[in-house]
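Two complexes, one shared chain (subunit A), two partners (subunit B, subunit C).
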Partner chain A sequence: MIKNVAVLIAVIGLVAIFLPIISGFQERDELNELAAQYVEGSINELRVPNVVTSVIVTYRGLDTLGEVTVLFLATVGVGLILKGKKEDRIKISASELLETTSSVLVAMIMVLGIYIFTHGHLTPGGGFQGGVVIASGFLLLLLSNVSLKMNHSIMHFVESLSGVAYVAIGVAGIVLTVGFLNPEVLPLGKFGNLLSAGAVPVIYSLIGIKVGSELTSILVTMGGEK
Partner chain B sequence: MISLYTLILGIALLLIGIYAMLTRKNLMKIVIGFSIADTGTHIIIVSLGYLRGKTAPVIDAAVSVSNAVREVVDPVPSALVLTAIVIGLAVTAVMLSFIVEMYKKNKSLSIDDYQELKW
Partner chain C sequence: MIPIIIIGLGIIMIAAAFAAIYFKSLLASIITAGVISLLASVIYLILGSPDVAMTEASIGSGLTTVIFLFALHRVRKGNSDD
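Presenting the complex of A and B:
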């Protein structure tokens, strides 16, 4: 009883906090100064058509490095929590439908994932989205082929290599240009080309590979294989 | 006007998620409540970045290069939400693996069976 009253008071309090936000909300008509700077800078200085990508990879690049670190910590945490002796499980082989579909679809899903993270600076998408698509391809592979053994050390190697390369590009920015994670270490190229925008597509591809291998590693750990 | 509706939707989802986390006994349902509240927060942030009648901040056929500042919505909330989605995914994965371990130990998913941290 007391608990129900407390929950009710908490929810009513939250409603009271959020009501002023709704009643005082007005749709804005213009970008604020910072966002306008980001849009201008993305087009004129970095030559990145996707402004969200330039915010994530360049203007807030240090935050993205932290975010990738959080994801890495989650992978390590899941591995640490779920480690221990292997369970004896009854394995039922996948249905014919799933096996046939996955043999057709897995390659296409991988290509789509690679497309999404290499074109992150041109179209909506990027390293995180592409990495998740690649991990979903591996999930389909794991579901359709129950006896499949994934090699953990290769996954950790790929993931560490892309992480080290990401930081190395950032440090190259300090040495060659004005600051950490500056994409001008590579030539900027022509606006809208695949090989343009300096190091932005390289960094986003590295993030894509890293996220893909981390999420695959989480999936394999949760599946109970060692 | 559309962003007011999505803002209300986001706040409603956030409240539903918090209510679920406070009242449900099943650990899985608490995690589902967390996910709903998480989604609500994302919708709130994206709604606050919307500008009337503007389009996505990606320069293509719909947005001219010279006049882009007057044609796109705020890119910063979108970037923040992208970060928040990934962090939410990581937190959910860790919570679920904790639940797997807790179930292996006590064979129970009800939060009433875990009294160690209760005061």
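Presenting the complex of A and C:
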């Protein structure tokens, strides 16, 4: 009874909060000032066709660094809590068909992941999406190949290396150009090329490698492998 | 036509959310929660934000489901030891 009343009060409260927002909503037919500046600056100054990427990596680069840090802390937390429980379970090896097919598929999934994060500034997608795709490739490998042992220290090394390189590019922005994480530390190149837009593809590739290794590490730890 | 598709997907999402709460089996609940993310990613794609759609499809419906399944596996194993 009390539970139902509490739920009812919570729902009424939420309605009271959101109703003014919904009733005051009107569709815009043009970008506001800040958004218009982002769109123009992304295409003319940074030469990034995908505006979303230029906002994530450049204009809101510090926030992205924070997000990556949060993900790192989550990985460390999972490793800390779930580590050390060694278990001896009987491992039933997967069938020949599954193992062979998955090893072919994993290669394709990895290539797709790398494509997604290297082309983050040209097509939709980027470091986070590409990293998750790579982690899902490792997950397939983990599930189909029972005897596989993932080396945690290599994963942590790759992850820390890309994190350090990310911050180093940011600091290079302070030294060489006007501010932290400015992508103009590298030549901007031709609009629409793979190697263009300064450091944006480099930063997004580093984020992709970092996210991929972190999520793989989470999956390996959660999956109960030693 | 597009608003109708979005509304239809939204209704299925709400139904799936209720199903996830009321299913007796935790496994079914986890799968239904993944379905919600998958439909959300379709809506994002229709609304013209492929970046968010990719994130939602890969993280929301792929990775989160798998992590929940691993967690469920661990919790069940902990119970059976007692």
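Definition applied: the second predicted complex is superposed on the first by the 222 of 226 C-alpha atoms of A that agree within 3 Å, B and C clash if a C-alpha of one lies under 4 Å from a C-alpha of the other, contacts with A are read in each partner's own complex, and residues count from 1 in each chain.
Basically, contacts are C-beta pairs under 8 Å (C-beta built on N, C-alpha and C of every residue); 3 or more make two chains touch, one makes a residue touch a chain.
All of these numbers come straight from a predicted model, not from anything done at the bench.
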| item | value |
| --- | --- |
| First (subunit B), second (subunit C), both or neither touched by A:P124 | both |
| Partner chain in contact with A:V11 - subunit B first, subunit C second, else both or neither | first |
| Which superposed partner A:G223 touches (first subunit B, second subunit C, both, neither) | second |
| Touching partner for A:L34 - first (subunit B), second (subunit C), both, neither | first |
| Partner chain(s) touched by A:I22 [first = subunit B, second = subunit C, both, neither] | first |
| First, second, both or neither for A:I81, with subunit B first and subunit C second | first |
| Contacts of A:L139 with subunit B and subunit C, given as first, second, both or neither | second |
| Touched partner set for A:I43, first subunit B, second subunit C, both or neither | first |
| Contact residues common to both interfaces of subunit A (with subunit B and with subunit C) | 50, 52, 82, 124, 126, 128, 218, 222 |
| Subunit C-touching residues of subunit A, taken from the complex the two chains share | 50, 52-53, 82, 116, 124-126, 128-129, 132-133, 135-136, 139, 215, 218-219, 222-224 |
| Interface residues, subunit C side, partner subunit A - complex | 49-51, 53-55, 58-59, 62-63, 66-67, 70-71, 73-74 |
| Interface residues, subunit A side, partner subunit B - complex | 7, 10-11, 14-15, 18, 21-22, 25, 27-32, 34-36, 38-40, 42-43, 49-52, 55-56, 60, 63-64, 67, 70-71, 73-74, 77-78, 81-82, 123-124, 126, 128, 191-192, 211, 218, 221-222 |
| Residues of subunit B that touch subunit A when the two form their complex | 1, 3-4, 7-8, 11, 14-15, 18-19, 22-23, 50-52, 56-60, 65, 68-70, 72, 74-76, 78-79, 82-83, 85-87, 89-91, 93-94, 96-98, 100-101 |
